[in-house]
Structures are given as structure tokens and as C-alpha cells.
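Pasting a structure below so you can have a look.
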Amino acid sequence: MTQAQAQLGASAEDWRKDFPILDQSVSGHALVYLDSAASAQQPQSVIDAVARYHQEDHANVHRGVHTLSHRATEAYEGARDKIRGFINASSRTEIVLTSGTTESINLVAQSFCRPRVGPGDKVLITHLEHHANIVPWQLVCEQTGAELVVAPIDDDGQLELEALRALLTDDVFILAMGHVSNALGTVNPVKEIIAEARQRDIPVLIDGAQGVPHMPIDVQDLDCDFYAFSGHKMFGPTGTGVLYARESLLDAMPPYQGGGDMILEVSFDGTIYNELPYKFEAGTPNISGVIGVGAAVDYLQSIGMERVAASEQVLHDYMVESLSEIDGMRLIGTAGNKTSVQSFLLDDIHSHDLGTILDHQGVAIRTGHHCAMPVMTRFGISGTARASVALYNNLDDVDRLVEALRKAQQIFA
Amino acid sequence: MTQAQAQLGASAEDWRKDFPILDQSVSGHALVYLDSAASAQQPQSVIDAVARYHQEDHANVHRGVHTLSHRATEAYEGARDKIRGFINASSRTEIVLTSGTTESINLVAQSFCRPRVGPGDKVLITHLEHHANIVPWQLVCEQTGAELVVAPIDDDGQLELEALRALLTDDVFILAMGHVSNALGTVNPVKEIIAEARQRDIPVLIDGAQGVPHMPIDVQDLDCDFYAFSGHKMFGPTGTGVLYARESLLDAMPPYQGGGDMILEVSFDGTIYNELPYKFEAGTPNISGVIGVGAAVDYLQSIGMERVAASEQVLHDYMVESLSEIDGMRLIGTAGNKTSVQSFLLDDIHSHDLGTILDHQGVAIRTGHHCAMPVMTRFGISGTARASVALYNNLDDVDRLVEALRKAQQIFA
Amino acid sequence: MNQQSDDLRELYRELILDHARSPRHFGRLEHATHQAAGINPLCGDKLRLYLQVDADNRIEDTSFEGTGCAISVASASLLTDTIIGQPVDKAEAYFESITKRLTHGEPAELDQNLEKLRALDGVREFPSRVKCATLAWHALHSALNQQEEPATTE
Amino acid sequence: MNQQSDDLRELYRELILDHARSPRHFGRLEHATHQAAGINPLCGDKLRLYLQVDADNRIEDTSFEGTGCAISVASASLLTDTIIGQPVDKAEAYFESITKRLTHGEPAELDQNLEKLRALDGVREFPSRVKCATLAWHALHSALNQQEEPATTE
């Protein structure tokens, strides 16, 4: 513990102070927030950026000649540039702003796949996926007759790489897989897998909802075709998301939604779509939300994602170790490479009951299937308790978690 | 003027103080914001509700057993209840929360129409529509072979009701029309038209983006099947929208997007969708944005939409009268029943130049095609200057507009 | 803190824990005349309730199966104990008074037969758990109203 | 306030207003060898630029048509005046220096031939109008690079 403390350093304590919501008590105890995998909290700088925008600069973007509209457009498009830099996309035209990971993936399923797949084609996903990376593909398979194929995982919650490789056949139209499992914390070796898929000319979508908040992301280095993530998991506002996509693919795709801003010219005889990325951004966007994501990028870059990753790894490892020491603990998800998340079961206490008892001690965890029912089915369980750390957590949070779990054991003794 | 002032009363001045952004100068002049039809400003209470939420209550909604998640869910679902009350829907299951009017309409085009129309079917819209109520239908017609039919308007910018009636034939699958034209301000007699369509069993979608902010809306009284609107035009945050839809129609529609929260059970063999309205709300919603819309509803209800409508009518009429007095003024949009918006051309000055010159005097108007290119084509012009009022404007704003236009005439003299 | 602990003890009373650990009438009922599933959207837990109703509209036998938290399992177990041998309309009335009591906190008079169900009152301090306690009762309501297959939720 | 007015006068100089009112080389060019459209996404205005390039790669004739604000029309009109009779590579170089000058405010030395275009410098105080001033130049660039039909924008 002292060693972990030393490794973690004082920085996490400093970062914690940036998040006003953490400074409160719940059920009479200081809040311990271990549910960042569901949604992360916002630093004051993000909250302020959004409020300031509405107090000083708001107007609709893109089409206005007046000062507020110009300021709003600069702020909105400036945020896009920040996001581009954050994931090292080669061009801002490759940054499509959406309402979340879910919409980003649906966009690819509907605009990239739906017009081009049919019976005989396969969509390959894995058994680790979040529903957001399952259901859109089920829908498009239903609509087109394509087949959904699922790569298996092992008892530690790791992809079976040999099996995955064997499934990368010529009839696979797209491989869609998560970067980090939200249910188990498994970090997939996406770079290697992408390289293998590219050799077979199979495009790859990475669901990066749980990747972006926890590690440096470089989409050019990954060499993926699509990378989807959400603002609210990376300390920005809800209702925001990003789809990174190769320009050549976006160019060839029909628009997803129709409306203002995604067109250059509308007449009843036909419509000319706008250039990238606007072709995929119909209607008034979530202007303040995107500005908030830009502020979140600024915040993360001021710390540096390498430091975030290193600090979280210390926390994660300490959490795994501390949980393991509890009698009756069953860890679900024991991959060699994991980040942020630990799922578990304690004795035969239902996770829902655990959640309530922990909440009554001020400790917020998530319980249930975590929108990853197939993972639960794989382990023959209906759900887990899940604790997830982010940059603002500290070792004390983990100690409080353990203490609260022991109390639950007393109640159910 | 004194008469108008008397009619307007002191209330508009009070309301104005609630909007912090209006208290600033632009180009060295006190800001006159006449661009609310593009996006309205937010009262402090909305800005505060959003910031407070993030400072005190944020967590992901629906699936959490801990206190913050419960508070977030209550606030989010509470906002849905407020919205239901605001438009008098009969049930909260009929209130689908979206990212904007644009998404609401795309949802209907894709989930209601696409699976059911084909060659021989018609989608009927009008010549007054915003691109958001044109392009989604063009896309679905392309996808299915259905035909897009357009009801004409007259030289005042009014629907030609006889012609519209004649177009309500048996092969029309849906009629989609605006409540209020964003380009011309025309208020359509939607209630009568809906009644006629219902007689012929034709479902009706109303694009209410410009209706909701300016008048009391009662969807049961209107008896429409779908009513779409945006949060940011009714003094709430961007990235929020609503689709009101009859429960029986929603029940019969397949989901629009796939992901978390819209399912009850996911397995690779098949997926059971969630109940209404959640079946149509995939992924983490714009929680804080929706809470902001709830706060906007509170704000509007504290004033009363009848008072808002009455006050704005005085302003609108004063604006029309004042503009008419300028030599070289050509009003575009002269319907008998209008609200909020006036489009115009001045001499042969291009609207874009007008916009710049006005902005340099602190007056913010919108210029161009207003995402309603077919309206522009109908009048044989490429765009207009458009001034739009909202509840926070006053007579002085109109005077400043007129003064600024005279200055533009001097420059182009 | 003590108040807090008391609330927890109130929620997880001995009777509740006992029913959760050893649920009564657990399993599938072979000759069921009515059945319905209940899914708790909060946790995804699912249980299925079986009823065997005789010619006199009396619930001759009942059982349930599925997984769930202590609260939902105990509630289902208590439910089976309570309705067995009762006429159908009485069971329906029980559904009404229990859901009202737990959801709206109405301290409505309880039928003597329902006295035991006071053990569930602890959930009223835990709004996010009320759905767990009422899940089986909603399944009962669906089953009695023959809303068979489609998974019901609240 | 005076500063403000001066900025406006600077933007709408006499020369600009003159070209906007009476654009030079306006209309369709019958024997065009190159052409391209430019759409300003801000206002939806569209103009089309025509070029007639001779065997020696010299711009023999040029014209434009379409609608636009004073700035974009004046800029197009000035463009035609400037490039007519010039070799193609010179015109391309003009595109480079004008867009750089207006977009990045680079006070790069101007070819003597471009002196007149200083009249456009006023837009630099109006960032939302820079696209108007450069629209025709982008169309020139597209036309010279044979990026024919698809409507170009910036």
C-alpha cells in the first residue's frame, strides 16, 4: 500500500480537487465514486466552459454572419480541431461529431454496411462487446440478410486470438470490436488484430468508449478504419460523441441523417451534400456539449494521457489486490492486460444488494449486466458488481470499497 | 409606438434580465439579438440547472442503484414528465427524447416510413419546409422508390389550401409539414389540415421547431400523429429534441438505433426491445441537456405561453410596420397569420452584406437561405435577411434594427 | 450513520434474508394454467411465475423460478405463500394494495393475510429498490390477466 | 464607434462597390476550355467561373456568372480583370498569394499586377467574410486543376 501510494504520487489528489461533484457526502459518508465506466465526472473547467459559452457566446453555428454566430462556430470547430489532435487523426474532415458512441456505431452500420452487405456477407464482432456494438449489427443483419458472427473469449475474459484469426475470412465485411471491455476491463490487442484484418482487406471499427478516457490514442498508429467514442466517458458532457473515420470511406458513404447543414443545395429535384465531415452532421449540433468535450481534451492534455494511464494502472492493480484478499470474493475478468474496471461477485450476495449496501456507505459502484449481457451469459451469471476507477480516484477510495464490502458480508452473514 | 409599448407592458423588460448573454456589447454597441429562430438564448435558470447537475448529481441514468444515478434518473425522467405536460401528451411513453428536430424527423422517416412504403406511395410535404423536413424524406424516397410530392405556396408565403387538399389522396402515406415557417414566419392552419388528413387516414407529422417556442401547444387538441421540436429553440440546451408520437404508432415501429437502454435482453440469438419510450432511446442520452429543457419548460410555464404569444405578437407587428416604412424595403413572407419572423430584402443590397453591416452596429440577424432553399427558389431569390423576435426582445431592439438598416443604405448609396 | 445502518437492517430483515436464502415454492409448475415473466430493467433479472387456477377460480398451486436480488426473490417467495389457496380476485386485490403500499407509501390497511408482507416495507426508504419488491407482483398481475408471453416490465 | 465605421468603409471601398454594381466579364463564356463552380456554404451563393486557355497555356478569356454578396462579386470581377491574358501558372500563383493574404493575413509582397486587389484587404477585419472574398479564387484553382463538376466549396 505504501508502495502503491508512492507510485501514485500526489498528483491524483490534485486532480481530484478539480471535480466539484466528488466533494459531497452521500448517506452521511464522503462520496466514493467508482462508476466512471458508466459515466465520468466533469472537471470545473468543463462545467465552466459550457456555462460561459451560454452566458457569452451562444448562437447557431455555420451559417451566421453575426458576431455571436462567428464566435460559436469558432469555438465549436476549434473543439473539433482539439479532438483531432487528441486522437491524432490526420485531418479534421475525419472527425464526425455525433451524440455518442452508440450513434457513431449506428452510423457506420447504416451508412457503411447497410447499402453494401447482403446474404453471404458476415459482420464479425466479439463476445466481449457492449450492446452498443452488438444491437446495431443485429439490426443491419436483419435488414440485409448478412450474418452476425461472434469471436469467443476465454475464462479470463480475453479474446481467443487464434479463433478470431480463423474467423477473419474473405466473406467478413467488417470487424467491429471494443478497445477495452466495459464489463471486464480487458484491453484487447487491437493494433495487432487491425494489422491482420488489413492484410485481408477487412475494415475494422474500434469501439473506443472505454479506451479514450484511460490511455493515449493514436488512430493513425492503430491504423483502424473507424474509431468511436463518447464525450461523457472522457470527462465531457453527455449527448456528445465522435466517429473517427478514414476520409476515403466517409467519401464513399451516403449520408446517415438528412437535414440542415449536411447539404450544399436542396431542391425538389435533388440535393447536393456538403463536404466532409458535415455530410454526416445533420441539424443543429450539440454546440455547448462539443465545446465541453474540447475543454475536457484541454484538461486531459494538461495532465498528459501517459500520466493518466500510469496513475490509473497503480490504482487498478491496488484494487485488484485488495479485492482478492476478501474471503468469498470471485473476480470476473482476470485478463493479463486490464484497465480501470474490476467486476466481481461476493459470496452469494446478489450484485444488486451489494450495490444498495455500498451506496449506503457512500460507495457508488455499478451492478447488473453493464449492457454486456452476452458476457454475463458466457460466465453463467446474471450480473456482477463493478468498480471502475478514473484519474480522480485514490487508494483511500479502494480501501473504502473493501470496508463496505465487508459490511455487506456482515449483513448477509 | 407608444401604443405598442403600452400593449407590450413592462414584462418583456423583466424577462430580458433573465438572459445573461443579452447584457453585452458587440462591436461597441449594446447587443440586439434578433436571431432566435436559428437558436434561442438561455435564461440563467437553465444555465444554472445544467451546471448544478454536473456539480452535484451527475451519473449515468436508468441502470444504477447508487444515489447519484438515482438522482440523475429522477431529474432526467422528471424532465420528460415536464415536457409531456408542456405539450399535453396523454402519456410519458409518447415522449421520445432525441438530439433535435432533425433526428426526430429522421427517426419517423426511417422507422415509420422506410419499412412500409414503396413505389406507388407518396410522401407529401409543402414548399415551406425547412431542409430538416425535406431531406429525410428525399432519402427515404430514394431508398424505397416512394414519391415526394410538394404542396405549393402562394406569393404571400401561405399554403395553397385547395391544392393541398387535392393532394391528400389515398396513396399518400404521410403528410409532413411545418407548424411555423422558419424562413417566412407563416403560421399554418395545422389543426384544420390534420383533421382533413385524418378523415382520409393519412398520418401527419408536424415539424414544430418554430411552433413550441412561440405559442401554447396541445398535441391532443391538434390530434397529430407526430410532433417534432428542438430544445435549443425553446430556450434549452443544444443537442436536445423531442419526438411526440402516438403510442400505437410507436408500438408498431421497429427501433431506430440499437444500443444500450433500448433493450430488455440481448443474446446473439435475438434481442428483446425495451418498452416505450426507451425502445427509441439507444445509448446514454443527453442527460444534462434534457434536464436543461425541463428547466426551460419551468421557465416558460412560469410566464405562461399565452402571455409569451401575446407579447411576441405585439413585437412582431411593430417590426413589420417599422420595416415597411423604410424605402426600398421588400418584405418576403406576408401571410395573414405570422409569428416571430420577418424576412426581407433592402434595395439591391445582398443579405450577406446587410448582415455584416448590422452586426457592426451590434444587431444580430440571420442572412441567406435559412435552410429553406426551396422557399428562396419559389420567390426567385437566393436568400433574405431575417429578423426574428423572442420573448426577451423589446421595441427598442426593433428601432435599432431599423436604424442599422438605414445606415446600410447610406453605405450602399 | 446509525440511522443509515438501521435502514439497511430494516431492508434486509431476517424474514427477508430467510426467504431469499430458502425461497418457498421455487421451481417450475407442471400443470400451470397461467404464467408470466417479469424482467427488472434495472438489473436485467428475470423471474417467471406459475399459477394453477381451478374451476372455482381459486389458486390451487403456484411457483416461481429465475434469479434475482434478495429483495425480489424474497418478495416472490412471500407472494407464493400469500396467494396460495386464495381466489383469483383476492390475489388481484393483493397486487393492488402491495404495489400501492410500496410505490406510493400508502399505509393502507392490510388484509390480515398480508401482515407478513410488512417485512417488505423497508424498501420504501430505498426508492431504487421498489421495483425489485414489486416485480413478482407485476408478474402475478400479468399472469392473471393472461398477458402471456411478452416479457413484462414496469 | 468611429473605428467601427472605418472598418466598414474599408470593407466596402468605392472600388469594391463599383465592381459589385458593375461586374466585369459577367456572363457565360461560349468557348470555355475550363470551368468550375464555387458554392459559399455560409450563404449558399453560387458562382461559376469560365476560362478559355490557349495552346500556350495562356488565359485568353474569362468570365463568371452567378449571384453573391458585394464582396464575392467584386472579388470575382477583380479576378477576371487580373488573370486575363496571364499564363496559367501565373494565375495559379495569384490564387496562392491572394488566399494566403486574406486567410492568414500574410502581408506577402504582391505582384504588381495584384495591386488593385489590395481593395479586398478590408475583409481581414471580418473573418466571417473572408470566404466571400476567396470564393472566386477557389473556383479558379478548381478550374485550372480540372476538378470539373462537383460543386467546390472551402
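Annotations for the structure displayed:
Each chain carries a letter (A, B, C and D) given by its place in the written order, and its residues are counted from 1.
In this text, a residue touches a chain if its C-beta (ideal position, glycine included) is under 8 Å from a C-beta of that chain, and two chains touch if they have at least 3 such contacts.
As the structure is a prediction and not an experimental result, all values here were calculated from the model.
Each chain's centre was taken as the mean of its CA atoms, and the one lying most distant from chain B is C. Chain D has its Cα centroid 45 Å from the Cα centroid of chain A.
Centre to centre, using the average C-alpha position, chain B and chain D are separated by 37 Å.
Remark: chain A and chain B have CA centroids separated by 31 Å (rounded to whole angstrom).
Of all residues in chain B, those that touch two or more other chains are 27, 63-65, 69, 265, 352, 356, 367-368, 373. Counting partners per residue, chain C has 42-44, 46, 128-129 as the residues that reach two or more other chains.
The complete set of chain-chain contacts reads A-B, A-C, A-D, B-C, B-D. Chain contact summary for the complex, chain B toward chain A: residues 20-21, 24, 26-27, 31, 33, 35, 38-39, 41-42, 46-47, 50-51, 54-60, 63-69, 99-103, 105-106, 109, 130-132, 134-139, 148, 150, 230, 232, 237-240, 254-255, 257-263, 265-268, 270-271, 282-289, 352, 355-356, 358-359, 363-368, 371, 373-374, 377. Against chain D, the residues of chain A that register as touching in their complex are 62-65, 69-70, 264-265, 272, 274-275, 278. The residues of chain A lying in touch with chain C in their complex are 27-29, 349-353, 356-357, 360-361, 367-369, 373, 376, 382-383, 411-412. By the touch criterion stated above, chain D contacts chain A in their complex at residues 39, 41-44, 46, 127-129, 151, 153. Within the complex, the chain C residues that touch chain A are 1, 3-5, 7-9, 11-12, 17, 42-46, 67-71, 73, 126, 128-129, 132.
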